[in-house]
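The next part holds the structures, each set out as structure tokens.
Shared between the two complexes below is subunit A, which pairs with subunit B and subunit C, respectively.
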Partner chain A sequence: MTNKTKGVEFPTPVSLKKTLLLALPMMLFTFMMLSAGKMPTDTNKIISLAVTFIFVNTIFFLMLYREKTDKYRAILFISYAVCFVISFISNLIEIRGSMAISQENLLLCKTPFCHIVIPMTIIPLALSKTIIFPGTMIGSFASIASMLIIWIGASLALGRGFCGWVCFFGGLDDGFSRIFRKPMIKHINPKWHYLPFAVLLVTALTSAMLLTPTYCEWLCPYKTVTEYVEVTSIKILIQTIIFVALFLGLVIILPMLTKKRTQCGLFCPFGAFQSFTNKINPFEIRINQVTCVKCKQCIRICPVFSITEETLNTGKTRFTCIKCGKCVDACPKGAICFHVKGTPLTGNADTFRLLFLYPAFLFLVTMAGSNIQDAIIRIIRLITTGSMF
Partner chain B sequence: MGRFKSILGYTSAVLTFFIVLATFLGLNYFSAKLVSVTGIKVSPRFTGGEVVKIVDHKTYTTLIHRPVFDGIIGERKDGFIQIIWERRDGWPQVIEEKIDYNGDNVEDFFIHIETKTGKAMLTAYNPSVTGIEQTYVIKTGYAARILLKR
Partner chain C sequence: MQGFLLGLSNGLVCVAYCAPVLVPYMLGEGRGVSQNISLTAQFLSGRLLGYLVFGVIAWGINKTILEALGCRELIIGGAYIVLSVSLIIYSFFNVRTSCAAEHINRYFNKVKVLSPSLLPVIMGFATGLNFCPPFLLAVTNAAALDGLLQSLLFFFMFFLGTSLFFIPVPLIGMLRGFSALNTIGKIAAGLIGIYYFYSGIFLIFGGIKKI
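Take a look at the complex of A and B:
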């Protein structure tokens, strides 16, 4: 349903009562996830829990009330990434005294595991039942087993929606891609869309050959804002220069110039790998061929190059779609919608969207919640005591 | 058929919400199960492999790991052995130790570590011992990885 004012179409808000009713279950679940089942006693923790709870539920309420997905998802997703960086770096400095991973931590396998390593561990894992990463299997912060479980859960529930709703790094290039109103680089050769698959192939094979996660060692730009190996040799110095350069290029500059998530859409091997999980996931984005007027707005705004002229003609997206909902929000004719595979395309688009939003939003809140709460506590500490630690 | 697919679609869509709940509420349980059922572990290339011998000195203990040649299929030509020296009641000025890593009662190399600087020197008796990969200063003492060749 839409209203028209001065030639601009915008969705009519759904009724307040219906929205509250739909938001109520999410309020209960988010409270359960954010509080981890118990009320904190510390004042700072109570404040951060309350602020996070109100913040995330306002976002969800607006998502339902205004019927916009990406607009509000992006606010939470970007906040999540920023808070993750604040929380992670503060924790590292608190525990280790530095962002750098010492040689001792590497030797004693005390490195937190990250989902981006998963594609590189698959071949050795299948053949030798071992993980090629200097982490802990179980019982520590970001242990390998817990990250694998989160990845399996997210893949089953959201497919590559992981990149739009779960990844703690994705919000960084998403954020930078929204800084300017118009892109300065409008055309990117479609051949580049295959680069993440090449990076995936090369890093998976070299990792299996060298028995070390080569992407993490040489290419991961996000080490700039998390942790990196302390520079003790020329080799590590070169690796450091590479990842800082990639961070500046792929996460800051190119997203600003292209208004695309260039790291996620043009480089990330995990994103390429995660695309295959879209095949086993019940949700997809569909384009109604009858109402679509081929204005190509969706092609222009898709952050990960998942809609092309070819896919537009088939009514589907590429299998790299991250289900962020940006195209759904932007389509002037309302021709794009979330869809549940196997069901008729003529089904209720609102129902499809809700069926996707509940698991996706709850996943996002659960992952983001602890980071946002921790970041708020640290900011309160900084204001009241002058130190984040 | 269409109706069946539709029911299946809606059911799997609803199930995803419960998958999310189960993922987080059962995270510790599923993590432990994943490790115990599959038997996956961190590669010995990173952990250094199991400790196979402990030598007790007066003021410190030497932990000798098994030689690691593990590849993804079979063994590799190049490997290493990890040795850790753990402090108990202070250090001697110099740690000097002859190590028999393959248990044939013949010493394979001699290592000399200056405890003040962490500087290490290796003398190989066995041609399979090719050098020191790296020495590490750790909270509990020192560690070294000695390169080996088959």
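Take a look at the complex of A and C:
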């Protein structure tokens, strides 16, 4: 689906019929996934199922038809993050009566597991044969086993694309980074690009030392919008202040000022850890050296600092690339494309993009679907009864 | 022999406690395996010094150090502060480019030139005074001994037993080809320093309250 003019490839519009045909498998998959195999009888659930189904499939259809990846991914990804927060907090309040987790619940291992803890559990697991996170292994809401299975699958299929398509927090700083048209802070010292790796090193080592997930205890900004430990001591108060300060700084203020995903690109240890999975993943983003005119638009817009002048000259991105497709959409010469490792660079850009889009979108819907549905149900309840619960 | 066996059985935990200090420092220095061996030796000699000093203190105050909780917290808190200051200075001031803290940087670099092994020894010494679980076990065992020499020998053998687990640590030098690791190591050293600073302050305040 490309025109070649003087060696330059331009996308040509995809026919409506072909797009519908390509979108059909996703419609079937998403219907099965969202309905969990049976039609709900409750009116609110029927409405939420219909709205979610139409919403996600419209997004996928537009991705194929307009041949823009990030433009439509971002809409679903940001909605997913917002709905996750609404759904998660509502669930916590419904079950516990509060967003705060009590010491009793911590001791009973009733804490929902989150993928960000994964890199911190590996060394302690090897040393002590125990998972240091106070969660349950199977059977409960956000159990350790279910999250690990999703993580392994998504890592094999997408690599660090996990951060651009699957992470339920990523949409928050992604959303805030899109508020202003132009960045107010344009230059960030490249040394800061290594901070996530330093945070990863520190949290992995200190978790092994103290046998507790230190990132969750001290540094997770998302505690502010999910759950936090009941403030019962000065230590917990300090931790809570750190969480809120990091959330305001890294998830709201800096993304707005820099137009970058600063939490993901400058701090998140899971993101740093996940970068290594890009090495074993078949998909990558490549820059065609022949067609690239070095306008540096991709460097300016990359949300996680994965394209630099050095990488531009090598035709590759840094291994921290989250495969969001923003650079692919923005390149004025169509020189950047999704690519399958070990295949020729030219000729199959559309096929490669489709091969990536199917698993990526499927994972996104798998994670986002239930959260969006639940959030819609709660919003309907809020409107009709005045309460979300 | 008892001290050696105790060290052998708990050495992995000892490495887990020392690694957050030693690993970022090694990465930050970006040296090869052979140079890292001498760096580990310097760190371990500092650690041994810490153990022996503690052995003398434990013997000197007639085995009551475990009961004197406030005193214990002051000692560890002080050690943490020394450790954190070393790490923070190493991380943020040991830079070649000019910065606002140029005079501190100049002073620090002068110290480093005068005695290049001083920093790892200080770090080793401060972590040696750390009340990690294996160290507490060693103290409890040493309390049953009578003479100073016996106490010192016990700590020395304990040190030998745990030190065997440090043998793979210099292999970090194999990663020195990745120049980015220097930056990562230095930033990580600073972050660890901040953590120890916080822990030290809290311990000292706790110790003062108890006294």
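Here, the second predicted complex is superposed on the first by the 376 of 389 C-alpha atoms of A that agree within 3 Å, B and C clash if a C-alpha of one lies under 4 Å from a C-alpha of the other, contacts with A are read in each partner's own complex, and residues count from 1 in each chain.
In this text, a contact is a pair of C-beta atoms (placed from the backbone, for glycine too) under 8 Å apart; a residue touches a chain by one contact, two chains touch by 3 or more.
Everything quoted here is computed from the prediction, not taken from an experiment.
Student: Does the superposition put A:Val202 against subunit B (first), subunit C (second), both, or neither?
Tutor: A:Val202: touches subunit C, not subunit B.
Student: Examine A:Phe180 and indicate which partner it touches, taking first as subunit B and second as subunit C; both and neither are also allowed.
Tutor: It touches nothing on subunit B or subunit C.
Student: Quick one: classify A:Lys235 as touching subunit B (first), subunit C (second), both or neither.
Tutor: Once the two structures are laid over each other on A, A:Lys235 reaches subunit C alone.
Student: Thinking of the overlay built on chain A, is A:Leu127 touched by subunit B (first), by subunit C (second), by both, or by neither?
Tutor: A:Leu127 sits against subunit B and subunit C alike.
Student: For A:Leu148 in the superposed arrangement: first (subunit B), second (subunit C), both or neither?
Tutor: First partner only.
Student: For A:Pro282, select first, second, both or neither according to whether it touches subunit B, subunit C, the two together, or no partner.
Tutor: First partner only, subunit B.
Student: Is A:Lys191 touching anything from subunit B or subunit C once the two structures are fitted on A? First, second, both or neither.
Tutor: second
Student: Check the contacts made with subunit A and report whether subunit B or subunit C touches more of its residues.
Tutor: Higher number of touched subunit A residues: B.
Student: Touching A:Leu107, do we find subunit B (first), subunit C (second), both, or neither?
Tutor: Touch partner of A:Leu107: subunit B, not subunit C.
Student: Just subunit B (first), just subunit C (second), both, or neither: which does A:Phe389 touch?
Tutor: In the superposed model, A:Phe389 contacts neither subunit B nor subunit C.
Student: Touching subunit B and also subunit C: which subunit A residues?
Tutor: Residues 123, 127, 208 of subunit A touch both subunit B and subunit C.
Student: Any idea which subunit A residues touch subunit C in the complex?
Tutor: 123, 127, 191, 194-195, 197-199, 201-202, 205-206, 208-209, 218, 235, 238
Student: Which subunit B residues qualify as touching subunit A in the complex?
Tutor: On the subunit B side, the touching residues are 2, 5-6, 8-10, 12-14, 16-17, 19-24, 27-28, 30-32, 34-35, 38-48, 70-73, 82, 134, 136-139, 143.
Student: Touching subunit B in the complex: which residues of subunit A?
Tutor: 29, 33, 103-104, 106-109, 123-125, 127-138, 143-146, 148-150, 152-154, 156-158, 208, 211-212, 281-283, 340-344, 355-356, 358-359, 362-363, 366
Student: What does subunit C use to touch subunit A in their complex?
Tutor: Touch residues, subunit C against subunit A: 12-13, 16-17, 19-20, 23-24, 27, 180, 183-185, 187-188, 191-192, 195, 198, 202.
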